[in-house]
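Reviewing the structure listed below.
Naming follows writing order (A, B, C and D), and every chain is counted from residue 1.
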C-alpha cells in the first residue's frame, strides 16, 4: 500500500478533506430540531442548541482553514499523513454527534464535558497531522518555518479545552463560554492583524 | 493567521463554499417528511411544506449564483473575506432549519416571521461579503464596476424581506407570496434580458 | 444578472450539479430506516424499500451520466441554462422524498403514482436542459449532432413513466417493474454496444 | 450511450466518486443518536454504536484510498467501468444503513451478519471494478503491474468477511473484532513499510 499511496496527489487529499468538512459543517444543522409548536417561547428555549451550534460551526471552520494551510505546506502525501488526516476527520465527524448531545440535553454538565473532551481529541489529532507534516518537511530538508506561533496557539487551545471539560461539571454555561472564547480568540487576531497591516501600508 | 490566510487560493474558498451550498440545498429535502399514510389528502395537506421548500431552493440557488460571481471578482483572499464568507455560510446553513420550522408548524405566523428574519440576515451577510470584496478591489485600485444595480437589487430584497417578516404576523400566506416574489423577481429579468439580447443580435 | 451569468464558467456549473447529485444519491439511504428489532423477518419485510431505493439509485446515476455529457457539449453558460439546470436539480432533489414516501407506505398505489409522476417531471426538466443546450448550439451555428437517438430514448422513457404512473393505481408492483425496466433499458445497451464494439475491433 | 460515455473524463468519475464517498463517510454519524438523558451510563451503553461506526469509518476510508489508486491507473473511462463503479458506490451507500442496523439493535447476531454480508458484497463490487480496470489495461496492452499483492489482500479480506458473517450468529462481538482486524490489517502494514523505508534511506 505504501507504494500505492505515494501515487496519491495532495490535490485529492485536500479535495476529499474539504468535502468531508463541508458535509460535517452543514449536516450539524440537521440536528437542530425546530420546535413543533409555533409559540416564540418554544424557539427561545432552544438557545443552548443555537449557542453550541454556533460554537461548533466556528470551530469546524477554523479547522478547515488551518488544515488547508497545513496540507498546502506538506509537499507530498505519505501513508502516515493520510491516516493522521483520517484520524482528524474521524474526530471532526463526531462533532455533529456531540453538538446534538449537548443540544438535546439542554447543556447538561456531562454532555458538555463530553463535548469539551471531543474538542480536545480534535486538537490532539490536529497535532498528529501537524507533526506528520513537520516530519515530511524535515525529511525533505525544508523545515516548516514560522509555525512556532501556530504550535503555541494550538497548545493554548488544548489547555482551554481541558479547562472547559473540567469546568463543565460545575458550570456548563461557563464551559460553553470558554469554547466560544477559543473560537473568537482564533478569529479576531487575524482580522485585527490585517486591519493594522492595511493601515501601515497605506 | 493573517499571513497563513494570504496563502489561501480563491479556488479553494469557492470550492468549499460551493460544497457547503450544494449540501444545504440538498439536505433541505430531508426535512420534508413524507406522510405516513398513503391517502392523497395527506400529501395535499403538505402543500405549505412544498411551497416553503420551493422558495428556499430558489433563494439558495440565487445566493449560489450571486456569491459565485462576487468571489470571481474579488481577486484575492483576505482574513476578512474568509470570515465574511463564513458568516454568510452560517446564515445560509440555518435555512433548512427555518424551512423545517415553517413546514412543521403549517405556515404559522411566528415561524414564518423567523423565516423572513433569517432571509434578512442572509441578505445582510451577503452585503458584508459584498463590502469586503469592494474594499479589496478599492485597495487594489480596481473599483468594482457595474455593481450599483446589484446593490440596489439587494437593498430592495432586504426591504421586501423586512416587509414580509412584519406581514407574517398578519398573514403568513401573504409573506410567503412576497418571498416567492423576491425569488421570481431575481430570476425572470435575467432570463428576459437574455432573450431580448438574443433578438437584437440576430 | 444576465451579464454576471455570462462570466459563469461551465466548470463550476458542472461541479455544483455533480455535488448536488452526489448528495442526493447518498442521502436517499438515510430514508431507509433499519428495523428496530433484530429478527430477519423484520428486514425481509423492508423489501419494497430496498427495491425502490435500487430503482432511484440507478435512475439518479443515469441522470448524472446524461447530464454530464449534455453540459459537456453546451459550450457556454447562459441564464436560461442555469435555471433549466436548477429546475432539473430541484426535481431530482425530490426523489429522496418520493422514495421515502413509497418505502414508508409499503409500495401503496397513490405514493407509487406520485413517484412515477416525479420521474416524469424529472424527464421533462431534462428535456428543458436538452432544448436549452440545443438552442445554445444552434445560436453558435454548431447544431448538436447525433442527439436524435438520445431524444427518442428520453421520449420513450417519458412514455413508460406515464404508463407506470397510471398503472400504479392498479398494481404498484407492476409500476415498480416498469421503472426498473427503464433503468435497465438505459444501462444494458451501452454495456452491450461496448462489448460488441470491442469484439469488432479485435 | 457507449459513444457518449467515451467523452467522459476520468477526472469527473473520480470527483463524483469522491463526493459520494465523502458524503457516505460523514452521514454515517447522523445515525449515531445521542442519548436523550445526560447520565454517563446512557452514553457508555452506546459503545456498540461507536465500535461499529469506527469500523465503518476505517473500512470506507480504505475503499476511498484503494478506489482512488485503482481509477488513477485505469487510463480511460468505459461504460463497463462507470457501471462497475456505480455498483461499488451502491454497496458502499448501504454501509450507513447496515451500521445503523447494528447500532440500533445493540450488536444483535442477525444484524451483525447482515453487516458482514454487506462488507462481503462491497469487496465483490470492488473486484468488479478491479477486473474492469485490468481489462481496460490489457486492451491497451499495458497490463496492470504489481497488483498481485493487492488481489491477494482483497481475497483474504473477502474470506475474513465471510468468516465474520458466519461467526456473527455465534458471537457478534467476535465478528466485530474480525471486521476491526481487517481494517487494522490494511492500515498498519502500509505505515510500517513507510517507517522501515525511511530508516533504510537515511
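Heads up, the rule we're going with is that a residue touches a chain if its C-beta (ideal position, glycine included) is under 8 Å from a C-beta of that chain, and two chains touch if they have at least 3 such contacts.
Every value quoted in this text rests on a predicted model; they were computed, and no experiment measured them.
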Turn needed to bring chain A onto chain B - CA fit, degrees, nearest 5: 90
Copies chain C and chain D touch via same or different residues, half shared test: different
Centre distance in Å when chain B and chain C are each reduced to the mean of their C-alpha atoms: 26
Centre-to-centre distance between chain D and chain B (centres being mean Cα positions), rounded to whole Å: 37
Numbers and ranges of chain B residues touching at least 2 other chains: 15, 19, 23, 27, 30
Topology of the chain contact graph, where touching chains are joined (line, ring, star, complete, other): ring
Pairwise chain contacts, counting only pairs that touch as defined: A-B, A-D, B-C, C-D
For the chain B and chain C complex, residues of the former touching the latter: 14-15, 18-19, 21-23, 25-30, 32, 34-40, 43, 54, 57-58, 61, 64-66, 68-69, 72, 146, 150, 186-187, 189-191, 193-195, 197-198, 202
List of chain D residues in touch with chain C within their complex: 1-5, 7-8, 12, 15-16, 19-20, 23-24, 27, 30-31, 78-80, 82-83, 86, 89-90, 93-94, 96-98, 100-101, 104-105, 108-111, 114, 139
